[in-house]
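Attaching a single structure in structure tokens format; questions to follow.
Naming follows writing order (A, B, C, D, E and F), and every chain is counted from residue 1.
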Amino acid sequence: MAAIQLQNYTLVITGAPYSSQAPQTALAFARATLAKGHRVDRIFLYGDGVHLASALSSPPSDETHWPGEWAGFLKESGIPGVVCIASALRRGLVDDAEQKRHELVASNLLEPFIIAGLGEWVESTMTSSRIIYFHAGG
Amino acid sequence: MKPIATLHILNKAPEHSRSVECMRSLRAGDALLLTESAVLAIATTDVHDPNTTVYALKADVLARGLDDCASETHLVDFPAMVDLTAQAQNIISW
Amino acid sequence: MSTLIVIDQPPYGTWAGREALDMAFSLAAFDQSVSLLFTGAGVNWLRKSQKTDGIEQKSIEKNLSAAPIFGVKAMFAEASACARYGLTIENMLAGVAIAENSSNLLHQYSHTAFSG
Amino acid sequence: MAAIQLQNYTLVITGAPYSSQAPQTALAFARATLAKGHRVDRIFLYGDGVHLASALSSPPSDETHWPGEWAGFLKESGIPGVVCIASALRRGLVDDAEQKRHELVASNLLEPFIIAGLGEWVESTMTSSRIIYFHAGG
Amino acid sequence: MKPIATLHILNKAPEHSRSVECMRSLRAGDALLLTESAVLAIATTDVHDPNTTVYALKADVLARGLDDCASETHLVDFPAMVDLTAQAQNIISW
Amino acid sequence: MSTLIVIDQPPYGTWAGREALDMAFSLAAFDQSVSLLFTGAGVNWLRKSQKTDGIEQKSIEKNLSAAPIFGVKAMFAEASACARYGLTIENMLAGVAIAENSSNLLHQYSHTAFSG
């Protein structure tokens, strides 16, 4: 088998958990990517994908907790999980800073996800050798 | 593995308009990877382009009970999916 | 009121079918008349031997097989969609009636609902 | 013009704001329903529609705040806005009681929306003379 | 207004598979109300069933710049949409 | 890297097109090469005189007209989709090139993205 060149990936997730399969497929792919020796520069949540970063998701105990699984993977691997600020604010995902700025009653961003702009995705287009999108199916 | 010009990753059922567009965009030297609902294509009688190698994610094929239909499709696991993406020159996630 | 719940979305790739089933089971639990119609890619919910361990979702097969026990009156699958997806009596869950003309069926219920 | 019989409606919203147009179409329809003298028994949020009840949504100031618009309409009209509990818990929408039960860091349900089961929708199928669904488009 | 057996409310673009199903289900005596992305159907050359009255939500037609295409379609506002739903025997929201 | 952002979803009924435009404008703002392709129902973003007051959404028309100023390299519309939706030079925004074969176009960019 020919040697495969090592790549550095950015994974963009635009499908929400418990609505699409995107976060599940992306997590299995991310794990396999690391196992194969590649690098993952960042995970970027965009559009409805931002719901993956909710600290308040409480699926039934016999279903996989996708935000929790993802948060665990990000912590273990040290890969940054970036949530697009424009998508997040419209859809009600905020960290403490945004809670204060917008005078909201609570914050609900799950650690270690962080909120940042589309500039992070632009940086990925400049520096990652592979960008893979995980959209909602249907 | 054959070199892949463009790897098309499709996750939508055959009814979906983007699925139709994806099928139209395949060229000789490209490869098609079916994931999620897109694996249902292997149960349909739709004709496949013989110039394109078709892969399907095994976990999704099994979940839909389609293991018996997969004769002309290369079943891949996630490590093999990573290899495909690492090796392809370009990737389009439909 | 007699309700027809229509499932036209494929299994596992979206939650819509699952949430449609919940609607049907809720009606049945309150002794309301409810039937299910599977059309389009939705007929793939009815295929036998769904092995979902690899995608970390619960298989819906058992729930569907139990639908009559839970009080769902009938389950229909659209004939043309079954043909398209190679679904036959052999590889389909038991207890499903084939509907040659789903448009006729739609017009027989006082209330029709998709889950999303 | 022939007289139209007065009806009592239930509106079910399954499409999320800032992802689908469903909440907007439903609100204009609800207002017109009351203006025509009909009754609205309840609004029921199901599936992705539960995001309409987020207290943390912060769209840009030049865009309509759909959760706020809906909450205002429900308060004025006294119509119950019911959020399906199963859809809501998976998607990270919780009131104070669910926050405690699931030991979560915050609650984010916008008043006057309340969380309840699919039984409320079943009741609508028994008592409302019209049920109109507002799904995501596309 | 003519009596309506089933009012079909459609909010999906003509490409959407549910839109195709809806069109197939229309019968004489039914009415079709196009809302949101479904109003794009009035810009296509798709043949309309002459047995079905077609309505379209005016706000959605204007938003998509389609007021010039709406000659064979009855434009309705929200109060008229309410009348249609109050009057129809059955309603299907596609 | 040269990016092609593809918009195949209809205007206003979903947010996907809007969020695709944001992606394109962000790339342009960082002086990255980016073009837009409108296909399928997405070509309807390009129709003139969108009057969105009645649906309480901002019209996207101005943003699209300003795309070249913001640094978007080219805007393409798929010919067959334009024909299907009756879009012609007369009723389309200025500055859009007709793409006879969008498949050719897809293969010319090193990075292709849908917004959702």
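Just so we're on the same page, a contact is a pair of C-beta atoms (placed from the backbone, for glycine too) under 8 Å apart; a residue touches a chain by one contact, two chains touch by 3 or more.
Given the structure is predicted, the values throughout are model-derived calculations rather than measurements.
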Required minimum of steps from chain A to chain D, each step between chains that touch: 1
Chains touching both chain C and chain F, listed by label: A, B, D, E
Two chains joined by the most C-beta pairs in contact, as defined above: A-D
Distance from the mean Cα position of chain C to that of chain B, given in whole angstrom: 27
Chain D-chain F separation of Cα centroids, rounded to whole Å: 32
Junction residues of chain E - those touching two or more other chains: 11-13, 15-17, 36-37, 59, 93-94
Residues of chain D touching at least two other chains: 18-19, 21, 47-48, 63, 86, 131, 133, 135-138
Where chain C touches two or more other chains, by residue: 9-10, 12-15, 40-41, 55, 57, 111, 113-114
Chain pairs that touch, as defined at the top of this document: A-B, A-C, A-D, A-F, B-C, B-E, B-F, C-D, C-E, D-E, D-F, E-F
In the complex with chain A, residue positions of chain B that touch it: 1, 9, 11-13, 16, 35-38, 57, 59, 77-79, 81-83, 85-87, 91, 93-94
Complex contact set, residues of chain F against chain E: 9-14, 40-41, 44, 47-55, 57, 59, 84-87, 91
For the chain E and chain F complex, residues of the former touching the latter: 11-15, 36-37, 40, 43-45, 58-60, 62-69
Residue numbers on chain A that touch chain B, as the complex places them: 1-2, 4-7, 9, 21-22, 25, 28-29, 31-33, 35-36, 38, 130-135, 137-138
Footprint of chain A on chain F - complex, ascending: 1, 3, 15-16, 19, 22-23, 26-27, 29-30, 32, 111, 113-116
